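Since the structure comes first, as structure tokens, the remarks are kept for the end.
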Amino acid sequence: MGSKARVRRTARVPWIPIAIISVIVIMALFAPLLAPYSPIDQTLRDKLLPPAWMTGGSDKYFLGTDAFGRDILSRLIYGARVSLMVAVLALTVGGGVGLAVGIVAGYVGGAVDSVLMRLVDAAFTFPAILFALLLSVTMGQGLGTLVIAITLLLWASFARVIRGEVLSLRQRDFVALARVRGCSAPRIMLTHILPNVLNTFMVLVTLNIGVVIIAEATLSFLGAGIPPPTPTWGLMISEGRGRIADAWWVALIPGIAITLMVLSVNLFGDWLRDRLDPRLRQL
Amino acid sequence: MSAPLQDQGPPLLRVEGVRKYFALTKGILFTRTLGHIKAVDDVSFDIRAGETLGLVGESGCGKTTTSRMILNLEEPTEGRILLEGEAIHGLQGDALRAYRTKVQAVFQDPWSSLNPRMKVGRTIAESLIVNAWGDRAAIDERVRELLVQVGLRPEQAQQYPHEFSGGQRQRVALAAALASRPRLIVLDEPVSALDVSIRAQMMNLLKDIQAKDDVAYLLVAHDLATVRHMADHTVVMYLGKIVERAPTAALFDDVRHPYTKALFSAVLEAWPGQAAEEIELKGEVPSPLDPPSGCRFHTRCPYVMPHCSQREPALREVSPDHFVACHLFE
Amino acid sequence: RAQDQKGTLVFAVESLSAQTLDPILEGRPGNAVYQAVMYDSLVGFDLEKGGIGPGVAERWELSADGLTWTFFIRPGQTFHNGDKLTAHDVKFSLERQMGPGSLASAAASMRRTIKNIEVVDDLTVKVQTTSPQIGLPAGLSRAVAPEGAIMPKAYIERVGEEEFRKKPIGSGPWKFVRNVPGDRIEFTAVTTPHWRGRPHFKDLHLLLVPEESTRVAMVRTGEAAIASIGPETMLGASRAGLEVLSVPGTMQAVFQFWGTYKPEVKDSPIAKARVRQALSLAIDRKQVIEHVMNGRARMPYPFATFGYTDYFSADRWEKWAAEAYRYDPVLAKKILAEEGYPNGFELKFANTALPGTQFMVDIGTAIADMWTKVGVKVTIKHYEWGSFAPMERGDQAGLIGWASMYRTAGRPDAPWRYDGAFSPESIQRLLGDKENCQEICQDFVKTSRALGSELDKTKRTALTDHMVELTANSWTVIPILEGMGYYAINTKKVGQFAPITGRHELGDVFERIPRPEQKPWKK
Amino acid sequence: MTPDAKGETVLEVRDLHTHFFLRRGVVKAVDGVSFSLRRGEVLGLVGESGCGKSLTALSLMRLLPKGGAQTIKGEVLLGGENILECTPAEMREIRGRRISMVLQDPQTSLNPVFAIGDQLREALLRRKRAPLTRAPHAEVMKEAVAALRRVEIAAPEQRISQYPHQMSGGMKQRVVGAIAISGEPGVLIADEPTTALDVTIQLQYLKLLKRLQAETGMAILFITHDFGVVGRMCDRVAVMYAGRIVECGPVRRIFEAPQHPYTRALIASVPKMTGPVGRLTTIEGQPPSLMDLPVGCRFASRCSLVEQRCLDAYPGTVRVGDEHTADCWKATPA
Amino acid sequence: MKRYIARRLMQGAVLLCMVATIVFFLGRLTGNPVDLMLPEDATAEDRAALTQTLGLDGPILDQFAIFVGKAIHGDLGTSIRMKQPAVDAFFDRLPNTLVLIPWAILLGMLLGIPLGVVAALHRGGLLDRAAGTVAVLGVAMPSFWLGILLIFVFSVELGWLPSGRMGGPAHYVLPVITLGTFLVAGFMRITRSAMLEVMESEFVKLARIKGLSEAVVIWKHCLRNALIPVLTLWGVFVGNLITGAIVTETVFAWPGIGRLTYEAVIYRDFPLLQAVIILKSILILSINLAVDILYAYVDPRIRLA
């Protein structure tokens, strides 16, 4: 008879991913306090030292040094900052645009919906990585370019999922009832639709942190990310990739950091989705 | 209880020859128009202040569509709807807002009628807030009053919908509908999602409120017994058309239209072995996309005559205030 | 004798540039490594010392008025289809390079300077110029540009341009087999003796592998015998047991200060030559060579000059440079203080790298750090070459008052490069533009003009030295190091060989590369 | 069908307990249910939403929902054999052939991507114990047509190759019915099979079920919350409240002389088609949470006749008449 | 159906126009490709001459008009670097990418779908989490990083597989893994969630009631339904693959359109870049259309609608 409050089995809280994410966030927030050295100061004499626990490693540099004798630990810590900053900015801008477009398209419908959805289709067709490359050569490399590029990569998928969600919300009686009570369309979108898609939005955000971090790294690899010497994890891998044979730690450590981070946010995101919105089907 | 319609002043709500056709665009792939669903096809009736009109019929016959048009959620394809003599479609700005305070609704599904992210107090207050009804304190006071009126405790205003049972939610929905002191409340199957024991509570509550506030109801239902208990007048619909309309008592005493008869006989009395004359209809309900010609019921009618498929019967008065659309009564 | 040509020599490069086998369609000489394999150039290399040497022409001479060059063609050369190579082909080729369809970078200047090309006999050709062109033979040598490539006249006229591009033939030691765009070009060795040397391998494959770590991996697995690499991979490659070959004198990394003479830069610290000198003193070149370039680089000569540069007193300048380009941060700080910058100043630094010289970014990064250590606040901005190049053209709007990293390629004659960098009419005009041409600038113009028509060797050398002196002391350009071309080599796939000094590509040496059993590498 | 005609007992359920073990606690959804079912009989199971009707049915099928549900106690004797002790493989043999079930929602009961012929075929082949691929196709299809005809589907030859979305709800429910009885089971459980149907279609379907039962003699456990349907279909009825059967007896007895106050209140609160129109009798309050059941009578908190002993202990099952039992302290034993 | 396809084609055309316009103007903003073609010491004169030869000297709007005019006739210009019609260059390389992509999809499906099913069957259990972690690992590794690691391990250290370039079957292994890994995660997730949804549906219960074996219930009844959402995402996946190919092809020296794209950007080869983006868009659009049509054949609800 009718739908009934579903009794939900909550998945186990993913403590390990949460711990990893917390460590990285703390690293990013307190980088100047935590990092033993400046991330860009070079000591060419100390270049390519292996991590402290290996033969030849120095106690001064726990995770070793890179080709310029920069402390990898410090770069990793500051790199977390940049990577997270890119993620936060891109997700705020891209996710925000996607959220707004999704809500408007889904709620208003009709021609507005068609036009917006064609734009979304266009965004999916447009090779975003390529666009990022293009932007980086037209506007120069930098945080702004990177954020714009990644925003372009993100907004459409946000818009699509949110719109789907709004379409089903719009069928719910409380939306019709809000109209009956005299709420205007913007008011309904803000007070009735928005709070109800926030869960979905949060899940999308978590699951896309990984996408952003990978995109940043890939663009750095292709030479279109944040310019050196500012450390980002992607750039660190990119700089060290030629040395896997002799100085593996230069690329492997940031590689592991990215993998751990993305793995953690994804596991966390999955859990969040199961908790908040188990029916949310997403990429 | 049921005075003849024409004896009283102008009706609160008048539905005049209303039609609603939905263009059917089919499939995810095929966004082409396959035809039109004639969800409501030439429906007229009145509702008087302070009384209840029951609207019954099988699933898909257009009951909800009719009520959504009355709520100004849907534009009629044809025809018009008047509230206190004024056409409601095309209203803008203040006039629309004024209209919104006069007509409210309670829907069937208690789980989807309340915004899960909004405290119920806020939901109840919403129409007061958007209409700038008063200051905060006044609104809070009114919310408390409404909660008590529907049998809840005032402090429950602070709770979220998931903390309520289905019956309580329907009460909250009713409180929200009552907030702006409407003249008409559209009740679209307000009790069919509720358990038997809760259903009776809700029906009693609705009756009590009507007695006190003098509000009119349009009660959409498919359960005849519910309509019998609630409505002053009853309209029976079949495939978008009205087939019979009469004061409830008169209708239940003397069913005329063959479809209404079948409907009545299909109702299973909660009393074993009572059904006297049982009319089992053959076949399926035809698609509103391609309704049968002539009388829409002729494909399933036990009394079908040759001309039933040719001509459409008009709604005619067969006894005082009792209207039937059937060739048998010509 | 054909049986001692066997096996396949596989060379992995990061770029095949245009990957076209029509010489008039390839603009960038450095990337034309794949054309050098099958085409001979009118003027060749000096294989030992670097610089230019005999090629298709055995020798050349200049008329007394300096307006006519006569080239004497080496007898007995044939194209891959058996046609004889004659003076007609030389004339045809040069005219084709100057023609309308040509994308050769020097096409325009050839059109301007070459008045007439005349076939005297089958083995002699005369080139008349509008003014004395001392550098003409160098310009027709692959040491500078690919414009000297000799194409088969009869063949092209018979089959047409289209067909020629599909089935090109040349006169080099390797014959064209197949071109797979974006992947590889295959050649097979000629079986007859060739003046450049008869190849030891039967086939030659040039592979396009843009990712450096993949290139090294391929050499390690033996999928490729040789790969071009950068200094950053060198260490790993040699630790992995690969031979790392470096070719000296192929390039110079320099700093350039843009528009220092401009009125609007007057108050900028870098408008002062002494400040620029101080910046030079703050660079620890040995550190950069040792750590960034893994020791595979050397102290530079002054701008754009190398050990093999013609008409140039190499020894004298080598000594000079050792002193002038020393590391003395104390002095640097002192000078800065004297000039009124005891606390340093802010410097904008545009860092860029031509495709294939990614280590330029590393060098720039290292130096920015060294400057920071003497108190200069460096704002480093990295540009992709494609976005940097337009900035330095025209009015140099984006770069006035900036320092930037630059690469200058190995050239046997210095004035050619000097003109492009310093002349007020040039693109870079580092000493002054037409409106602001002060003392040094005017002196430079005078010297440059004199050089253009000076035929006497001693006087020419004196003039060149003066030019070098002028610019070196202006410190508008400061050399950092002399770089090399770097290769990782799988010793199980090829034997020991020597590259050509000053060429950072291997295009002209594949035929000289022995198989491993013929000449194993000595450790 | 005379209610007192004593066929042999085909299904006997004794003290069935099925609980949900959740992190938050234990939901005692079925908490001591006993009843029996005889050949050719229809037993109605009524009760409010969430009282455990469906879960009782699923426990009988041993198809409990994933996620913590477990039958922890009791016996389900199907032809004398306790099927709770069967292995999963044995259980598969039993399902469809000896005990079968029709679900509530015809819209979702059929697999949307297979033609209904295919879905029927699977069931028919199972009955023949033939591997899915072996039996001659044409023959099985002929049987499928016959099965459809048996549930009164017009033009079954065409229908067989159609997909569920091409049929109306009533037709789908019949197809589901055809599938459920294709193994000629002795017991059919029908879990609110008509709730999603229109009243006129519901009537058709109920008549069909009755007819099929008359033909095959199967016993039906008919779950519903609609007393109208009970009155129409059932020989006996069991009223369930908060995980337990509180009253069970012949239909007529239950309607005419309900013994349990809950049954009484429930019947009184149903609006009638005849008789006076007035205020309806209501049951105030809510059923108790299944996670936190009272020690005493579960209806005590809503019962108008509550006494102290009702709160202190659960009343035993009292035999109040011929085949009529009630769980109430106040019930007078027959 | 025809009308639907026609409509989609129209939409596609509009989209292409948008893409082409954006790309054209963005490309021109980046500066003059002549600078990349000339040596750094070329004279101003050389430069002017080359600019003219390449037709880059007119006002930008004129250049655009010419571009549009030619594009309509299927001429997207001549690659500056390769001196070859850009369209030809694209189609020369396209087959090389197209032989890679199906294998990547196959890998994604063969691994991702069973993993998804297994995860759904053991929801919340150890296997679920293991499968989830394995799959997420696929997305958590940047593909260039994965590619380089794979080369290092499997060709350099172990010497089992070639490290790059097109060639025999062995050459496909590492690029396909690199390209397909993220698909494993994608397919796994969608399959898992679709399976979870399907497994709760009534028709699965009915299948069990019929007494069907667990294998038939899961692999026939559930999976077939779960594959429908998987299919809808094909279009998106293929689009991702085509972009993902940029990195993979660069790392593995694979002469496909991904590499071509990267080279076009690096060398600022405008006509080629324009052509590549436009043609890629066409490719993605057609694949999406094809997938939608295919979708209609898998899901009878749509097929017969």
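Order of writing sets the labels: A, B, C, D and E. Residues in every chain begin at 1.
What we mean here is this: contacts are C-beta pairs under 8 Å (C-beta built on N, C-alpha and C of every residue); 3 or more make two chains touch, one makes a residue touch a chain.
Treat the numbers as computed from the prediction; the structure is a model and nothing was measured.
The minimal number of chain-to-chain contact steps leading from chain C to chain D is 2.
Taking A-E and A-C together, the chain pair joined by more C-beta contacts is A-E. Between chain A and chain D, the centres computed from C-alpha atoms are 51 Å apart. A straight line joining the Cα centres of chain B and chain D is 32 Å long. Multi-chain contact residues of chain A (touching two or more other chains): 1-2, 9, 137-138, 223, 241, 244-245. Residues of chain D in contact with two or more other chains: 49, 225.
For chain B, residues touching at least two other chains, in rising order: 195.
Chain E makes touch with chain D in their complex at residues 123, 199-203, 205-214, 216, 221, 224-225, 228, 298-301, 304.
Of all residues in chain D, those touching chain E in their complex are 61, 63, 65-66, 88, 92-97, 100-101, 103-105, 108-115, 122-123, 126, 132, 163, 165-166, 176, 179-180, 183.
Looking at the complex, you find that chain A touches chain C at residues 40-42, 44-45, 47-48, 67-69, 136-138, 140-141, 223-224, 227-229, 239, 241-247.
Listing the residues of chain D that touch chain B in their complex gives 48-49, 168, 170-171, 198-204, 206-207, 225-232, 251-252, 255, 265-267, 269-274, 277, 279-284, 286. Here chain C touches chain A in the complex through residues 212-213, 216, 220, 230, 232-233, 235-237, 239-240, 287-288, 290-292, 361-362, 365-366, 368-369, 380-384, 386-387, going by the rule given at the top.
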